[in-house]
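After this come two complexes, each holding chain A, first together with chain B and then together with chain C.
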Partner chain A sequence: MITINAYLGVDIGSISTKAVIIDEENNIIASDYIWTKANPIHAVKTLIENLEKQIQNKDIKIKGIGTTGSARKLIGVMLNANVVKNEITAHAIGTLSLHPDVRTIFEIGGQDSKIILIEDGIVVDYAMNTLCAAGTGAFLSSQAQRLGMNVEDFGPIALTSKNPTKIAARCTVFAESDLVHKAQMGYKKEDIIAGLCQSVVNNYLNNVGKGKKIISPIIFQGGVSKNIGVKKAFEQEVGENVIVDENGHLMGALGVAILSKSTPLKSEFTFKIMEADFDTKGIECKGCSNHCEIICVRKNQKLIDSWGNRCNKGALK
Partner chain B sequence: MKKEPMISFPHLGDYYIPIKFLLTHLTDYKVIEAPPITKKTIELGTKYSPSFVCIPFKYNLGNFIETLEQGATILFQAGGGCRYGYYTEVQEQILKDLGYDFQMMTIGQNKIITLNYLYKTIKKLNKNISFFQLSYYVLLTLFMIHFMDKIDDYIRLNIGFETQKNSFIDLKKEMLASFSKTTGFFSLLTKYLKYKRKIKNLKINKPKNCLKVGIIGELYTSMEPFSNYFLEKELANMNIQVKRFTNASFLIYQKKFKIKKMQKYIKKYCTYELGADGMDNVYRAKFLSAKGYDGLIHIKPFGCTPEIGAMPIIRKVCEDEKMPIIFFSFDSETSEVGIKTRLEAFYDMLKIKKG
Partner chain C sequence: MKNIKIGIPKALLYFKYKELWHLFFQKLGCQIIISSDTNKEILENGIKFSPDEACMALKIYMGHIHFLQNKCDYILVPRLACLKKDEILCTNFSALYDLIKNTFPTNIIHYNVDVKHNKTEEMAFIKMGKTLGFSKKESQLAYYYAKSRADLNKIKMLDEQKKLLQQKNLKILLAGHPYNLYDQFIGEPIQKLLKENNITLIFSDIYEENDLNEQVKTITKTNYWTYNKEIIAAIVQYEKHIDGIILLTSFPCGPDSLSNEMILRKIKIPIINLILDEADSNTGLITRIESFIDILEERRKRNEERTND
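And now, the complex of A and B:
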């Protein structure tokens, strides 16, 4: 059996954690996707364990590790990653490896949404939502709960609507009260759901996509891209075909895995990470009235890294 | 019991040094600067400010509260061509409502700071001061500000490439301490030349084609590092050369002479002025594009009306010039992590583009 040089990419988002293992040619050897449940350390441990099961029969040597997503720093320390990258760059690189001709990437995740514009294979402009959560997955799931259904069913139901209800967008608070109002007025459920999908799209385009030139090919990814109703609303609003890749949720992880190829690994990686005990502790620095909260990461009770201090007064180690 | 009169004023970057110097020499009172800005400052400011007011208001108010607690009895505030013009009156009212006993002074009126108006203000505190005396110290302070800004300009261009960490900042601290002990024009000039030589002699390792980024936008968030989450420091850590036009020298005396020139340069985009510094930033966007800069960062407080007016025009300039730009809005609720993520992505974008 020949040894395959492989690279691990982990994308730890607020809602879900994704990981891929790729080979030298960027082919995905193993991948997995689980909920973060506000416990990134545990999620990553489970994920790594799942990945190990998938590659049991192969002789694989991990040569590089990359982390991205909102918990990238913490998990980067935990896995001893050689690349810790922001999700914007990671998504762009990952998507470009599969769709080299892409010009626009729509990404709507659980807590944030972004737009990335690409010209000749390089990022030329991007934006991330700065104002509110109205255009994100979290909004859709909370509304699903209100309507007493699973968010996964939203897409197909939305497609059955012939006359989507207009829901006030802009802000989750307005949208929610408008939704209640419309429901009490007697609007049909599928029309309301289709209206919700449209309001997510309108919010996204008015907020994140404001002033950006949207050119096709357009790729739509992130958790919300699995919702066919939102995809359709996008196509109607933009007037172009919108592509949803079946691996769309893995793009960030794929991107960092690719990035980790170019940097040498700091130390050898083993799948034995389950055995080590990681925990974090927040302490407040009493150096001045800034009261910086310093996050300490400990492995088997030993401090391995810390951050959060603004000045040297709070430097640990 | 009557408290001993003590003068104080809000922070703006390092300018507390010349301001303190000026006020100390114009009056016989003790002058203290507000305690350094910390999270506590902005918490206090936010708590007592109208929630939608721009962030500099909150910082200033926080500064005032903290300095009043230290025993200040006379507060100085300036004013400008936007909401800044109402800061003095509104803050005075808020602080009086909170029960503080103090006297509020303003050095500007109808958007501009004039020598005559300053004289009238200072006369209230010091009856014996002559117009000549005032002019002398104002001029000396202006020179100090001018020298500080010149040194800062050089530092911004080079600090990202220092070979010894903190060498620039340490030397600058030393310089500022020495500036505060200025006795006259000759003493100031000697100090300036000495530190200029020292700073230019600091070792740097700067590649010819380093990344160059311009910071444009509103004045307070540009000049007060705490309010922009130490943006310039972050950029320096990424080894980026930084250019920033907005400083006290520009606002106090250079701008007047440049307006006509700026207007002509951006005739294609703006027919009229945009209020406050809006037009200046359109000019800078075009100017820096022509100068071969790699990217622009536009910063403003959340809800800053003049800059909101300028943004679509700046966007148009950047589109025409193919200039990458990102916009940041700062408020008391801004997430620091969000800024870092965007900034990192911006850096990656410029770096990959440059190749």
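And now, the complex of A and C:
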């Protein structure tokens, strides 16, 4: 059996954790996707176990590891990654590997939303939601709960609406009270759901998309892209075809895996690493009145890294 | 000789006038006490004593006044309304004196500049000296001394910054009010992050004063905020010599919200606007800055490839 050189990419978001293993030609050999459940360390362990099962019949050597997403630093230390990259660059590189002609990436995740503008295969501009999480996946999930439904059913139901209800879209708090009000007035459920999908789109375009020139091809990613109602609402609002890739959720992981290919690995990776016991501990530095919260990462009870200190007084390592 | 202790809050206008103030009071033989760098305690006290609508920079200032209480004879709180005819400053700077006086039971020494009403800086400093018991002559000499030295220092800093423009690595202009750029809580963490990424930093408060109005007009014809005009002029001056601009604002800043919009529309090189508030987490900030640096690096690589072809 020939040994395949492979690269592992892990994208640890607030809601879900995604990972891929690719070969030298960027083909996805294994991939998986699970909920983070506010425990990134555990999520990554489970995920890597799943990946190991997928490749157990092949002779694969991991030559590079990349991490991205909001827990990229923590997991980067844990996996001894050679690349730790922000999610904007990672998503752009992942998407470009499959859609080299893409000009605009819409991304709506669990907690945040982004827009990435690409010209000639490089990122030229981007925006992220700043002070407000309105119109993200978390908002849709909580509204689904309020309506007593599964958020997964939102898309197909929204498509059946002929007359979407207008829902105030500027702010989640107002959108929510507006939604309750409309429900009590007797609007149909499908109309309200279609209205919600539209409000997500309006909010996105008025917030992160404000002042940005949206040029097709447009690719829509992140958990919310699985909602066909939101996709349709985007197409209506922008007046262009919006592409949702079935592997759209893996783009960040794919991007860092590709990035890790061009950087040599610091030390050998074996799947055994997952047997080690990792934990984190937050301590408050008493060095000055800043009271920095320092995060310590420990492997088998031994401190391997720490961060969060503003100055050297809080340096533990 | 009387030994007067003057407390100077290390916030807001300090970063603009520190040389002038230092040298003036030093020349008069006063002792100067500067509040410490902004820390969490100062910020928290500032929030406690500020109106809800105050911007983060003003909240920090209030914290510094709280810090200086009982540590000096007077705290310096200037009132700046108008520095140039047909221009104004943010109302916070004209309200500062009254705001502090009505919030803290402390001795304030102030000076009042309002050019529109013929109150110049020189007159203001003489009057301030008089309050402290110095003669007109003494104060005037101290002011001339301080002013000329401070101006010389500005020229020196400009020369040094111009040299930095020759550097080969990525250069980013950090644009914004000095009290944002240099504050330990607002600008400092950003500066640190950029330096760790091997970026040469250019600052918008160091700029050429000639042709300022002409330069501002290329971006906006209607801006009448003196400090914002300075930021815009700096951006115009450096635009062609740098790779990108980070526009730093503290939330919620009225003048910035208008002038930033014009800057973002007119500037052709990569630019991001970072708006900081008192929220503690900087995770989003790091992601933004890192991806901005990635963009600049990719652009440069692409441009080099093109020139080689």
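Quick note on the criterion: the second predicted complex is superposed on the first by the 317 of 317 C-alpha atoms of A that agree within 3 Å, B and C clash if a C-alpha of one lies under 4 Å from a C-alpha of the other, contacts with A are read in each partner's own complex, and residues count from 1 in each chain.
As a working rule, a residue touches a chain if its C-beta (ideal position, glycine included) is under 8 Å from a C-beta of that chain, and two chains touch if they have at least 3 such contacts.
Worth saying up front: this structure is predicted, and the values here are computed from it rather than measured.
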| item | value |
| --- | --- |
| Simultaneous placement of chain C and chain B on chain A, clash or fit | clash |
| Partner chain in contact with A:N227 - chain B first, chain C second, else both or neither | neither |
| Which superposed partner A:T67 touches (first chain B, second chain C, both, neither) | neither |
| Touched partner set for A:S260, first chain B, second chain C, both or neither | neither |
| Contacts of A:S161 with chain B and chain C, given as first, second, both or neither | neither |
| First, second, both or neither for A:C288, with chain B first and chain C second | both |
| Overlap of chain C and chain B interfaces on chain A (superposed complexes) | 70, 85-89, 122-126, 128, 130, 211, 288-291, 310 |
| Contact set on chain A toward chain B in their complex | 70, 85-89, 122-126, 128, 130, 211, 288-291, 310 |
| Of all residues in chain C, those that touch chain A in their complex | 39-42, 189, 251, 264-265, 270, 275, 277, 283-284, 286-288, 290-291, 294-295, 298-299, 302 |
| List of chain B residues in touch with chain A within their complex | 36, 38-41, 230, 312, 315, 324, 329, 337-338, 340-342, 344-345, 348-349, 352-353 |
| For the chain A and chain C complex, residues of the former touching the latter | 70, 85-89, 112, 120, 122-126, 128, 130-131, 211, 288-291, 310 |
